[in-house]
Every structure is written in structure tokens, then in C-alpha cells.
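What follows is a pair of complexes built around subunit A, which joins subunit B in one and subunit C in the other.
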Partner chain A sequence: MSKTINLTLKVWRQPGSEAKGAFETYQAKDISTDMSFLEMLDVVNERLSVEGKDPIAFDHDCREGICGMCGSVVNGVPHGPQKATTLCQLHMRHFADRDTLVIEPWRSRAFKVIKDLAVDRSAFDQLIQTGGYISANTGAVPEANAILISQETAELAMDAAACIGCGACVAACPNASAMLFVGAKVSQLALLPQGRPEAAKRVQAMIRKMDELGFGACSNEAECEAVCPKEISITNIARLNRELIKAAFGSPF
Partner chain B sequence: MNWIIRTLTCSVGKKLIMAVTGLSFCLFLVSHLAGNLTIFKGPKAFVSYAESLHSLGALILMAELGLLVLAVCHICFGIWLFIGNLTARPVGYAVKKNAGGRTLSSAIMPYTGLFLLVFIIIHLITFHFADRGGKDVYYLVHTTFTSPGYVIFYLIAMIAAAFHVKHGFWSAFQTIGANHPKYMPVIKKVGLVFSLLVGFGFGCLPIYLSLS
Partner chain C sequence: MKLDAKVPGGPLPEKWDKHRFELKLVNPANKKKYEIIVVGTGLAGGSASASLAELGYNVKTFCIQDSPRRAHSIAAQGGINAAKNYTNDGDSVWRLFYDTVKGGDFRSREANVYRLAQLSVNIIDQCVAQGVPFARDYGGLLANRSFGGAQVSRTFYARGQTGQQLLLGAYSAMMRQVANGKVKMFPRREMLDLVMVDGRARGIVVRNLITGEIECHAAHAVVMATGGYGNAFFLSTNAMGSNVTAAWRVHKKGALFANPCFTQIHPTCIPVHGDYQSKLTLMSESLRNDGRVWVPKKKGDKRSPDSIPESERFYYLEERYPSFGNLVPRDVASRNAKNVCDMGMGVSDTGLAVYLDFADAIKRDGRDTIHKKYGNLFQMYERIVGQNPYETPMMIYPAIHYAMGGLWVDYNLMSTIPGLFVLGEANFSDHGANRLGASALMQGLNDGYFVIPYTVGGYLAGMPLGEVKDSHPAFKDAVQEISTQVTKLLSIKGKRTVDDFHRELGRILWEYCGMARNEAGLLKAKQMIPELRQQFWENVTVTGSSGEFNQTLERAGRVADFLEFGELMLNDALNRKESCGCHYNEAYQTEDHEAKRDDENYCYVAAWEFQGVGKEPVLHKEPLAFENVHLATRSYK
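Here is the complex of A and B:
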């Protein structure tokens, strides 16, 4: 049954990446509990526009939980209180009438705030450019059984590949580390035969890039895993570590 | 050689140093605790344990130097990581909640570590480099633990050690890549039991001595 709730929002407003930001308080009135979190922000923004005020900037695209574009920290938790859910898939029925919600952007040295809640995550793109790919010519569609891999391995690779690159792991990490993201990308390729030839180069290059971009180092807090909308496991970070050890001590370079 | 430096100074490499040195300290703690517990067999047993250690001569010196190198690495890389991680988020959150991964022992890791550093320095000054004036080591230990201030300081340090080990133990395995669905649950349990052993094992000594 749909009902409506009233909320108080404390939203981080920052006109530009170099500008000083501050929290502004807004009333979100008559919000249907069937709305998603982003739809609730849309409603607030419509009212702001009508009043001639600057609407709140926030990232979004698919609104289906698959593109990785959305995300803000809601009351201290990236993507809000619901487990395994992106902000766009978080429904307002998870909040109670007269709740106060503090909404902040991802905070990390490597992610700059563009405006309000919109955050520049091109650091992730740079990481992918450093090694999140294979350079084999894949040609035409190959015969499915030409390279045999076990069901378990395929599942592990698929689980790692489920990462949508939203950056919640960095936002949640007390050290603003990107190791869950990098661990997922390294794992998804390292687990499959097509990814093996470049595995050693990839893991070394991606870790170097990650450090260079200003991300912190993992201290195994597991906060990333707890907030990840795709439930990427920290066993992928262990695999990243394993891959680095293999690459450093086993490869000729 | 270049590749070793490159590996050990990257974020994962620094963590590897922390893991390997940390696990070595776990082994050291086991032997130290086993030695200390001889005190329950009476002053004689404790003194003869200490003397047999000293009779090892060059071997014990090498072990001490080894521990010193491990300690310097663990401390320097730990501080390096700690500062790096602090600067990775220049603007903090107004509201930050634990989402379910963080534990008390993981959250206070750098602080328990720094506290243990202070403890170890004082511990070495009181017991290792002390001028015993011809008295045996049991006498030294016994008189030290008659001071309630030192006992309390020692007990707090042992609680800190237990917390440090609780997160550090499984964390070290995760860092060296040994996270496996079959073994990780066991590793976590062993870590918990070991941390309790460290806390209670070392902690019972000053209590026993100050009461006896």
C-alpha cells in the first residue's frame, strides 16, 4: 500500500569543484513510499526550480541499478541503508515519516566533487585504461567449447564482473581505497584463460595507477563489501594480492 | 633489485610487509608467552628459563636483532600506510556509519599499534636493559609488579595487544592472498582464540605476581 511521508533533507551543496560547500536543509513533503530515492530528489528539485532556486545536482543514468552512475552517502552509508541496492533502486518505503536524511557526495582525494552530489569518478576510467581489458584480437564468435573452463570458475569470474564501477567501495572505505574495484577487475580477467597472458602486467600496472591516483591502501575493514550494491566479495582483494605476489616474484619483469 | 623495491613500496607491497612481519610477531608472542608461563612453576623455573635463554649467546643476539629489524619494518610501514590513508580522504563525512564490515579491533588498529610501541619501549627499559644489581630476573619482575601503576599500564597494553592481534591475524592471511572459503572461517576463529590467549595469558602474570 502506498502512503506518503515527509522528510527533512540535509543536502551537501557545492557550486563547483573548487568552491566551498555547505549543508542546506530542505523539506521533502508528501513523498510516496513507492518512489525511488532519486525520484524523491526529482520531486524536491522540481519544487526548487519552481521557486527559482538551483536544483540539487546528482549523478544518475539507468535508474535500474546496472550502470553505476548514481550514488550518494545517506546517513553515513553509501547507497543508503538497504543492502545490495544502488541509490536508484532504493525505495522510500525504507524510511519512516519525519526522518532526517543527511545526503553527502562520495568523499575521496581521487574523486572530486563536480557540483553538489555529482562526483568525478574518471579515476576509475583511468584504472580501466591501465589494465582492465585484454588486447587479444577476439575475431569472430568462437566455438563455445573451444576453451574449457569449469562452471565454478565461470561463476567466480561473473561475480567479479558484476561490478558496475559505482565507487561506493571507495566512499565507504575508511582509507578511501579502491581495492575492491581493482580486485574485481583484476579477478574477472585473471580467472579466465583469455585474461591470463596479460595478468602479471595488468595487476602491477593497475596497482601502481591506483596509488598514483591517490587512493588509500586496504586495511581489511570490509566496509566496501558491506555497501557494494553488487555484493562483490573481499576474496577478490585477496586474489588481487595473490596476483601481485605471483606477478612480482614469478614474472620475468 | 629494482622490482623488489617497486613491489614492496606499492600499496599491496606495504601491506605484505605488515602481514609477514605481523605473523612473525605472532610466532614470537607464542614463544614469549610459553616462556613467561614458567613463572607459575615457581621462581626457580622462571630464572632457569631466563638463564637458558641467555646461555644461547650469539643465537639469542641474532634473534633479538631479527626482531628489531621486523619491528622497525612493521612500525615504519605501518606509519607510512597510516599517513597515506589519512590523506586519501581530505574532506571527511559529516555523518559516517559502519555498514557492517568494521569492528572495534579493526577501527583502532593504528592506535593500538602506536600504544604497543610505547609499551614495548617501556617494557624493554624495565626488563631488558635494567640494571638488576646482582638480583635475579624473578626479583626484578616481582618488584616491578608491586607497583599498581605499572600493573594497570601492563594490563591496558595487553588488552590493546589482544585487539591488535584479533584484527591483525586474519588480516595478514587476507593480505598474503590466503582467503579461501574452506580455511578463512577457521583462520578467523584461530585469530580470535589466539588474541584471547595473548590478552589473558600475558595479563594473568602481573595479577598473579601482585597478589602472590
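Here is the complex of A and C:
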């Protein structure tokens, strides 16, 4: 049954990427426990707007946990306390009356803050541009069932492909590494026969780019897996490392 | 204005081949001399950007999200249709074509739909080659399921995330072209106007959503794939950012808007539970393959579902439609849910919900099997509602989902503005008055991968276009107009928030232009919307400034456009004095309360021409000729 709770929010406010930020305190009163976390922020923002104050900027779009656009650190945990759940799907029934919530943006050298809780994740697009694809021009492809893929392989590829590119893995990692994101894409495409021809080139290029963009290295903390809303496994990082070693040995240079 | 759909002659199955041959080609060496703008990066925009770039055109692609991978195609769950007939159950291009025309209640254009069915098979090939991990059978072949009112299994799927996987396929193909230097990507940009020179689309004006700067971009052709207008209703299954702004602004520039009253209401969504609610969540209708829909027979029955005996349950879809049962098309399923709730049999605190019950399926197939099929959907439901669907039936209710109407396009997907092409949900052409499940993904990719690369070429090769730079005076006028509007929005400093106005508009449209319509209600809404629009321009509050990341300002511009667009929906609904597909006018129904079409008078596309805000638009009719299918009464009994 729904009830209402009162919360204290400590929210990171930062007017622009170059400006200095600080925490501001807001009272979120009469919050229905049936609300999603973002609906709670909507309510706070509506009240701020009526008072003529600047609402809290945060990214969001589909609000069904699939677009990957939302995400903030809530009480130190990316996407908040519920496992396998994006911020938009986190509901207020998981909080208690008079809780204090500290809400911050993703923090990483590669993700610059745009405003308040909104960050620039275009580094992820740049990673995909360096090899997160199979080179198959429109039209130049074989009949779909000409490529047989065992159910097991298809399922493993799908597990990796489920990544929504939200960046929580980077936010959770003490090194701000993008290894889970890159590992998931490398794995999906390395598992499938269609992706094999470019597998070696792909993994090398993506790792090089990851370093270049200011992401850290992986030191097996596994924080990324713990916060991933799609439960992408770190076995994908292991697979990436195997691909990288294979690529090194297979290299003609 | 005479609407010429430019449908090629000859027998239906040969039209597209013939047309492709007749379209002029751009010399490979010349393609690099052309700039093409693509707005939107969903399935249609993403696939179009990639395919056009592969051909050698210079593509500039724009999206409002932080990354092109976020477009709302990503949220499609169920699957994508293709006439592969892998299951040997009687499918064919002709059957997919026929099902789609019939499903659309004979209000779509035959030639476009046939082409869609024909090309559907190529789409699957393309996606598999890109590494889309479709579900597979034990032998490694692709798996299929039946979906949303189809009697054959022609739907390909990737768990409950088909849209995501197809979109990431198109996105990665596009990213490859970004790396190649053939696509220039502009994220966090909102198209606010179309620029025309000599009567042709020659560029767009966008607002940079981070800096607030108004930017001008010139091109030889503009391709819009900006999605649907379902958010006019405030609550819908669309993403929060989905809007009608780009489409509405080109409409104001002269592009005709077709069938705006055709809005699909999806039957299996999580019911509304509070005023603060920001959106509605769809549960894939694949759930209807195994879930049974029912309500208690007794009105206002407050007992828990498990204590209501079988004999006191009303399985209304199974009883009313014995041959299709729970799998009737979306419009029929939605209307029946409303009907039983109107009769007082609805469940939940609001009385606006029906049960979708998996108890029998779990008993028959076992919990594991059901988990395998729907695990992620059950989890999603539990996360939102806090109830476990393995133990207690889900509660569902219809919600606004998809816009069948959109900008009018001809067979080449070109609007009434030369050089402006419209793809995917943003156009009107393929789904008639009701879209079948798993057909939106098919259409988006079809338009982007396989239609636009040919038809844009045909347009560009057909006529010499002079040079237009973004310093052309036409851009200055557009920038001026946008700046004026932005300044005005910021200067009102009223008392009501943007969302507050949006919510009220949504309530009006849902009440009077939703699942059932009547003349009196539509006329009443036609009074209310201009009043609301006036209040908006007098009393809205938009904080902040124009030269910054300002999400309230973004929303204000979109709601301002919805407030104008809503009136067009009403005009279209008022004009169509029949019931067809999603457009159910209570005055036109059969004895069984089914939609009653009037083929003699309304077998046409209603394409509206803008005359000014608050002025009556002018109607242009494109008669629909059905030469290959018999105009039958749609029956799922």
C-alpha cells in the first residue's frame, strides 16, 4: 500500500562544467512510496520552479530502465541501493521516512559535469567508434540463417549486449575504468562468428582509446558488476583480456 | 494542392523493383558533393545515417539525447516481424502485407505496405550480420514467435529487448561511419525549424541544448526521423523527451500532417496510480501469449483475485473473440478493457485496471518455462508495482503508445515540401488506423536501410540544386523567430509550471480524444485547448536563461507546440465520421460495439494544411485505392 515519507536531500549543484559546485539541502515532503526516484526529483523540481528557483538538472529519458540516460550516485552507490535497477526504476518504497539522501553526479575524469547531475558521456560513443561494430554495409550481407550460432553462444552474446551504456560502472570503479563497458562490447562481438574477422583489431583499438580518453585501468575490484543495472558480468572483462592476449600473439607485427 | 503519392504503376509485387530502376542514380563520385541532414537517431534515423554514409553522402546527424544510442526505439520490447516463413506455417510476403493492411483497418497505402513486407526479410539478414543476438533454437537457427494478433510465427526477438538490440546495431553501423568521417554527429541538439530556399528544404536550425546557442546547418536534403507525438497526452509509454516539435514546425512551414487522430493505445501497460506520475510503462504484449485477461463478473468486487472462483471470472476477450482470444489486435484489446471498466468491473483502487493472469500458464508449463520467457518483464513489473506476478495476477490498463498518424509522405517518403523526407513513426504511411505488434521496428529499419538510400538519390539526381550556405538570409529569419519565442517564454514569469500545463492538456486529450470519442466531447475539447494555450502564454513559469543547459526551457517549447498540435488531433477526429482502428467514434459502431467503417466516404488519408494558430486547417484528401485486397470488415471473432 502506498504511504508518504519525508526526506532530506543533499544534492550536488554545479551551474556549468567549469563552475565550482557544492551540496545544497532540500526537503522532499509528502513523497509517495509508489513514486520512482526521478518522480520524487520531479516533485522537488516543480516546487523549486513555483518558487522561481532553478530546478535540479538531471538526465533521463525512457524512464523504463533501458535508454541508459539516467543515473546519479545516491548515498555513495551509482543508481542507488537496489540491485540491478536503474535510478528511474528505483522506487521510493525502498527508503524510510526521514532518511537523508546524498545525490551526486557520476564522477570521472572522462565524464565532465555539464550541470548539476548531468554529465557528458560522449567518451562512450568514441569508444564504440573505434571498433564497437561489425563492418557490414547495408545490403552486403548473407541470408540470416546461413550463420548458425548455438543457443548458448547467442545467450552469452545477449548477456553482454544488454549493456545500456549508462556509465555506472565507471562511476563505481575506484580507477574510473571503462573495462566493463568495453568488455561487454568486445565480448558480444567476439563471441559471434560475424564478429571474429575484426576481433583482434577491435580489442586493441578499444583498449588504446580507453586509455587515451582518461579512463583508468582495471584492478579487479568488481565494483562495476555490483552496480551494473543490467548485471553485466566481469567474466566479460576476463574474455576481453583473453582476446587481447590472443590479439597480441596473432599479430603479424 | 493535389496530393500525388507517386505510386508506381504495374502489379503490386513489381512496383518497388520497377521504381528502383526508374529512379535516377547519383554518380558515385558525385555523392560526396552532397550534404544530407538526418534528424533523430532511432531505428529510422540511425539506419538512414549509416546507409547514406556508406553510399558516400556526407551526413550530418542530430539528436536531442546525450548519445544517439538513447533514442526511444531502444524501449521496444517484443520483436520485429519478417516474412521469412522459417516456421513453415503459411507465412509469405503477401500474408504479412495483408495482415498489416487489415490490421490497419484499411487506412494505409497499399503500395507502401507491400514494399514493407517485401523488404522485411532483408532487415533480418542485415541485423544478424551486424551481430544482433536474436534468440535461437537448439540447432543454432533463428527462433520465431507469434505476436500481437498474428496467426503465424514471424516475429524475431532478442529477449524482451529487441528494440535495444536493433537500435544498437544501427547505432554501431552509424558510429563506424562517424569514425570514417562520413557522419558528423551532433548530440544534444533540438531541431527548431526547417529552412527553405526556393521552396525546397535546404537546412535546419537547432538549439544546442548545452550552451543554448542557436545553430544553422545547410544541406541538399533533410531527412526527419523524429518519432511520434504520443506525449501530447502527457502520460504515455513514450520517453520523456519524445515530442512533436520538429514535425509541428515543418507542418507550419507547409508540410501536410496526415491522420493525426490515429494514436495507438496499447492494452498492456501498468495502470496509472498517482497524480505525480510522469509516464506509463508498457509490458510487452507477448505476455498475452500466455497470460489470460479477466475481471470479476461482479461489479466492484473487492476480493483478492485468488479468492474469486473460476465461475465468477469474466474472461472477456476469450468469450467475445473465441478464435483470437487474448491475442486480438491492440485496439480491440484496449477498447474491451475500457468497456469492462466502464461497466464497473475494473479492479485496483482506481477501478481502471484488468487482470493479466499467469496462474494457468504456470500450472501448465511450469514456473521455469514462464520465467525463461518473461522473467525480465515480471521483474520489471515487480520493481514498479511491488507485487510478484508469479503469485498474483498482474494488473494492466491501456495507455497511449504509438502514433500511426504523422507527416504526409509519398511513395518516396518525401513530404509535401520538396527535399524533406520523413521516416519511421514520424510519417503516416504504413500502419493505417492501427499498428500491429512488432511492425514499428520493421518500418523504422525498412525506411532507413532500404528505402531512403534509393529515394534520396532519385531526388538529388533529378534536379540541379544551387549552393546554399548557412549564412543564407533564410537562416537569419528562422533564428530571429526562434530567439523571439525563447525570449517570450522566459519573460512570462507566471505562476504555473510547464508540466502543470502539459498534464492538463493530456487530461483533455485522454478524456475526449482517447479510446472512445464522440462529437460533443471533441467539440468541448476544441473549446478547452485554445483557452489552455492562452493561459500558457500568460501564466507559465520558465526559470533560468536561454544561454545555458535549461531543461525547463526545452520542455516549455515542446509543450507550446503540443498545445497547438492537440487542436489538430481534434479537428481530424471530428472530420472522420466513422470508426476505424484506434479511432472509435461512439456514434459509429456495430451491434457488437465494434468499429464501423464508412468506406464509401472515408476511405482516404486526411492530410491537413496549416493556416495559422487557432485557424481551421484545410483538409486535403488522398483517396486510398485497394486494388489487391478486398475491403473486408475486420473481424477477430
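We adopt the following convention: the second predicted complex is superposed on the first by the 246 of 253 C-alpha atoms of A that agree within 3 Å, B and C clash if a C-alpha of one lies under 4 Å from a C-alpha of the other, contacts with A are read in each partner's own complex, and residues count from 1 in each chain.
By our rule, a contact is a pair of C-beta atoms (placed from the backbone, for glycine too) under 8 Å apart; a residue touches a chain by one contact, two chains touch by 3 or more.
Computed from a prediction, not measured in an experiment: that's the story for all the values here.
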| item | value |
| --- | --- |
| Fit-or-clash call for subunit B and subunit C when the two complexes are aligned on subunit A | fit |
| Which superposed partner A:Ser72 touches (first subunit B, second subunit C, both, neither) | neither |
| Which superposed partner A:Gly52 touches (first subunit B, second subunit C, both, neither) | second |
| Subunit C, subunit A and subunit B - angle at the middle CA centre, rounded to the nearest 10 degrees | 160 |
| Contacts of A:Gly214 with subunit B and subunit C, given as first, second, both or neither | first |
| First, second, both or neither for A:Ser187, with subunit B first and subunit C second | neither |
| Most subunit A residues touched (candidates subunit B, subunit C) | C |
| Overlay on shared chain A, then closest C-alpha pair between subunit B and subunit C (Å) | 19 |
| Complex interface listing, subunit A residues touching subunit B | 10, 12, 23, 73, 75-78, 102, 104, 107-110, 172, 174-177, 179, 204, 207-208, 210-211, 214-227, 234-235, 237-245, 248, 253 |
| Of subunit B, residues touching subunit A in the complex | 3-4, 7, 10-16, 81, 84-85, 87-102, 106-107, 109, 167, 170-171, 174-181 |
| Contacting residues of subunit C [partner subunit A, same complex] | 47, 50-51, 54, 65-72, 74-75, 84, 86, 122, 124-142, 158-159, 161, 163-165, 168, 171-173, 175-176, 178-179, 185, 187, 210, 239-241, 273-274, 276-279, 281-282, 379-380, 383-384, 386, 449-450, 453, 493, 495, 497-500, 541, 543-544, 548-549, 551-552 |
| Residue ranges of subunit A touching subunit C (in the complex, touch as defined) | 2, 15-16, 32, 34-36, 38-39, 42-43, 46, 48-50, 52-55, 57, 59-69, 82, 84-85, 89, 91, 93, 114-115, 118, 120-122, 124-125, 128-130, 132-139, 141-145, 147-151, 154-155, 157-158, 161-162, 164-165, 188-189, 192, 194-195 |
